[in-house]
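Two complexes, one shared chain (subunit A), two partners (subunit B, subunit C).
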Partner chain A sequence: MFKAIVSAETLTSTLDSISVLVDECKIHLEEEGLEIRAVDPANVGMVDLSLDAAAFESYEADGGLIGVDLSRLEDIAGMAESGQLIQFELDEETRKLHIQIDGLEYTLALIDPDSIRQEPDIPDLDLPAEVVLEGKDLNRSVTAADMVSDHIALGVDETDEFFYVNAEGDTDDVHLELTRDDLIDLQVGPARSLFSLDYLKDMNKAIPSDTEVTLALGEEFPIKMYFGFAEGDGQVTYMLAPRIQSD
Partner chain B sequence: MGNAALRDIAVIDDVPFEDIEGVVAVDAHNWLYRYLTTTVKWTSSGKYTTTDGTEVANLLGIVQGVPKFFENDIVPVMVFDGGPSELKSDEIESRREQRQTYEDQLEVAREEGDQVAIAQLESRTQRLTETIQETSRELFERLDVPVVEAPAEGEAQAAHMVRRGDADYVGSEDYDALLFGSPLTLRQLTSKGDPELMDLDATLAHHDLTLEQLIDAAILIGTDFNEGVRGIGPKTALKAIGEHGDMWSVLEARGESVEYGDRVRQLFREPNVTDDYEFETSLEPDIEAARAYVVDEWGVDADEVERGFERIEESAVQSGLDRWT
Partner chain C sequence: MRLDDYIEELEPDEEAERRRLAKEKSYAITDHLEDFERNFEQSLSGDTLVGSTAPSIFVGRSNYPDIPIGLLSPVGDEEQAEEYVTDGKWYQQGYAIDDVLQRRTGLLNSSKPANVDSPSIASRLAPSVDDVWDGFVGVQREVAISDRPVDLEIGLDDTPDLGLDAGTDVATPRGPRANAKNADLRENPHVPKAVKKTLEDDDWQAQGAMTYLYRRGFDVYEINSILSAGALGETKQRRLVPTRWSITAVDDTVGQFVRGQIRTNPSINEVQVWANEYMGNRYWIILSPGRWEFELVEMKAPGSIWNPNPHDAVWMASASEGYEGRTGYVEETAGAYYAARLGVLEHLESIGRQAKCLVLREVSDDYWAPVGVWQVRESVRNAFDGAPGDAGDQGLDGRESIAGEYGEAETFHDAVAKVSRRLPVSHQRLRRKSELAAGLQSSLDAFSSGSLTR
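Presenting the complex of A and B:
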């Protein structure tokens, strides 16, 4: 059983956070809310999302699992104007999702969850450094790095206590330092890892610029980025594997 | 270098570096030559000349050029030319003569202190000397970049390796790669922007030609190995081959001839290549040894190569998250 009403904005933010990594995903319809976990085909980027029941206008579910085509669902969400509500009801018999937007009725055929790539195990990471910053500062770093390189180094200087971003291209370089004053919070620890901008750029697209983002980092370790949406009733965690020196 | 008129025939698209994967069989002479011309143009000669006056700009070029492969998880295999094909010696001879002219002009430019002319001429007088041939191989060895010795044309050997499935692309500026049957050729590997991908099958399909017919058309236009027929450009050649089927029929219809036509054709159709090569694709460069070779042994300015070595050292491969689960 699944019946829910949600605002178009909340639905769009949810779908956008996932679709930067995968085309299809499984959605767990838990009593307390939705849960989605997905990893890209190369096993490099992962997303773990939860949307609490409180984020919905109304929500009823009892632990079902559905598979969806994200771009299809995004198109449907795009039919709603901002501020409009979207209503969902799952037909267990036909395995179809009935969607209503202001009189518009859409019946969405679901995908067999077994045909969707298995959900990833969440890596067990003990990351020593933590940086809390505004989404727009991360945005800016990624955009600047992308102008010169395909890769971006993120790290923490333990001595002078700042978070830094480095990108080196064939000819041009980008370097950015954010001190405690520029950051919302900083937990200093040994951290420096190199990441593919292809992935980081996509993830960054889903991070609103006015949101507080927490980055957890280590040395040649995956990065964990988490942020809230839907007024704190939704949480997204991205994990991205680093580029590492072959040895 | 090669037949630029083939550009009008070839199907070529830009391809981002990130989309390139696997092994690139690089026409080493062609690749080195590019770096020699740019290095010599923009770097003062003191930085790459030993105390006894030997120029080793190639070492600088290699240290600048190799990181790009490493950074994009691409394995370069450097294919060196063997002895020149007999037919090509004419062109080499005329290049040599031309170089002599450039060198005379360079003398004059130096006396007059004309910096622009000097820079232009210096870039043209570069050649792959014995020292350059040898030191390049030595440096590639330290960088763990595989080297393959071609019996004749490096390009033909590289194309052969791709056709056998041992490499994914030929790396060459030369449009002739197409005639040697290179299925996929990457151009502009040495440039700043995205490389170009030249696709043989797409080219043949686009013009409804066989490879043999493409070779015939190229011979009519002119290749490294023969003068073309006066008045035949890419358009005319394609049209004539389409009409008459092959080179001989075209020549007969026009009452023209191509000197050594048969042998040139043979050279592209059955180039002198070998299956006798092997290489590893997991590369482990010895940066310390490479740096010592370039800086200590050959006296290249350490600052000039530091960046390149750093880039190789830092070049990293994408890991998967499963490593941490």
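Presenting the complex of A and C:
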């Protein structure tokens, strides 16, 4: 059983966070809310998202699992105007999702969840450094780095206690330092890793500029980025494997 | 003749520079052109060129979509027509730059303008390219799909222009040209079964048809000329494709297919460094364990054909892709990227593995005239197990045996550091230019608890 009403904005943010990595995904319809976990085919980027029942206007579910084509669902969500509500009801027998937007009815055929790539186990990582910053600062770093290079180094200077961003291109360089004063919080630890901007740019698109983002970093280790959306009732964790420089 | 018919892509001053280089480096070509003129006079009867055999075709791209399409025929050397076809055999036989230019300048390009969608500019109302079998376009099609040279009679409008076009990085150089009035077949061309199948199936998308031919043992050279002549693909999509574009399209399409084949293969388990050298081009191919990732980095020495000023620095270009391929067009390295990628993918498929791969191409000033992208494709293909490529001035016996064997390294970055000592650029500059040399993409599963390798 699944019946829910949600705002177009909340649905769009949810779908956008996932679709930067995969085309299809499984959605767990738990009693307390939605859960989505997915990894891209190269096993480089992972997303773990939850959207609590409180983020919905109304929400009823009992632990079902559905598979969806994300671009389809995004197209449908795009039919709603800002502020409009989107209504969902799952037909268990036909395995179709009925969607209503102000009189517009759309019946979406679902994908057999077994045919979708297996959900990843979330690696248990011990990441010594933690940086909390505003979405717009991360956004600025990624945009600047992208002007000169295809990759970006993120790290923490333990002695002088700052978070830094480095990008080295063919001829030009970008460097940015954010001290404790510029950051919301900083937990110093040994951290420096290189990441592909192809991935980071996509993930960054899903991060609102006015949100608080937490980055967990290590030395040549994956980065974990968490942030909230839907007024804190939604949480996203991205994980991205580094480009290895040393061996 | 219009100037832009003649020059594929270069600015006039660059073109002049290449001609100057070509002149300095070889007088043999000039002698050869004189021979050609003599042969040509003997073959001409009235306005018609008789006794001609066309082993291949050329589709130009100037003035697109009204482009020149041509039949290439070795005037006065018909018995050996097969030898004039650009393909892997040129590499196997150790052709040097001179040999390529001689072959190509010995081919008369009899061309006529045609619209890419319809058989002639004069008759736009005529049926589309897919079912044209008569006229110049039709004859060109027959030559393209035939697996051996076809006997023809070509009617010329004027006497040929014997100038030499030194070619581009992608297309093979071209020789003399003449404007054709018409062409007639003098025999029924021999068309292989698989080609008939792709020709007749008009619901078959071009990519699928190309892949089918490749799987049936046709090399990219043959597929490329079939695609150029508009002889495969869905009916409505069929059109004439300029040779230069079709070379890249076929390398890319076939490469994507082979990449799909190796996607789930296990990885190689050691770092390997392969090398080859051919026509003043040196290749280093570094394979490393992990999921597919590919990059081509080119370094062109000052004084070489694309970097003519001897006082300039080494010119660098690079392009790369990850496990899922590229989304954007390759802006640097162009056709060489797809040609080199195909060579590597074919090797990985043959050993049933996948790998991360960095190809370094060093172009020395011995590479004085570009001979076409086949040189890159064959050098990379043969680096793994084929014949070593460097014929140079020494002939076949002088081939330096660097291909076919590989060196091992502890790690990928160790291999890059070692190879970079022998490159014309510093290790630091290479790391700035090369995505792979800067860092190899790891995957998340490598960091799951219990796993030590990345």
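Just so we're on the same page, the second predicted complex is superposed on the first by the 246 of 247 C-alpha atoms of A that agree within 3 Å, B and C clash if a C-alpha of one lies under 4 Å from a C-alpha of the other, contacts with A are read in each partner's own complex, and residues count from 1 in each chain.
One rule holds for everything that comes next: a residue touches a chain if its C-beta (ideal position, glycine included) is under 8 Å from a C-beta of that chain, and two chains touch if they have at least 3 such contacts.
As the structure is a prediction and not an experimental result, all values here were calculated from the model.
Student: With both structures lined up on subunit A, is it a clash or a fit for subunit B and subunit C?
Tutor: Aligned through their shared chain, the two binders clash on subunit A.
Student: For A:P41, select first, second, both or neither according to whether it touches subunit B, subunit C, the two together, or no partner.
Tutor: Only subunit C; A:P41 stays clear of subunit B.
Student: Run through 168-176, 186-194 or 204-212 for subunit C and report the one that clashes with subunit B in the overlay.
Tutor: 168-176
Student: Just which bits of subunit A does subunit B share with subunit C as contact spots?
Tutor: 39, 42-46, 120-121, 123-125, 150-151, 168, 170-171, 194, 196, 198, 221-222, 239, 241-246
Student: Please output the residues of subunit A touching subunit C within their complex, sorted ascending.
Tutor: The contact residues of subunit A facing subunit C are 39-46, 120-121, 123-125, 150-151, 168-171, 194, 196, 198, 221-222, 239, 241-247.
Student: Which residues of subunit B touch subunit A in the complex?
Tutor: On the subunit B side, the touching residues are 17-18, 68, 71-72, 192, 282-284, 311, 313-325.
Student: Which residues of subunit C touch subunit A once you look at their complex with the stated criterion?
Tutor: The contact residues of subunit C facing subunit A are 291, 316, 320, 322-324, 411-414, 431-433, 435, 438-449, 454.
Student: Would you tell me which residues of subunit A are touching subunit B in their complex?
Tutor: Within the complex, subunit A touches subunit B at residues 39, 42-46, 120-125, 150-151, 168, 170-171, 194, 196, 198, 221-222, 239, 241-246.
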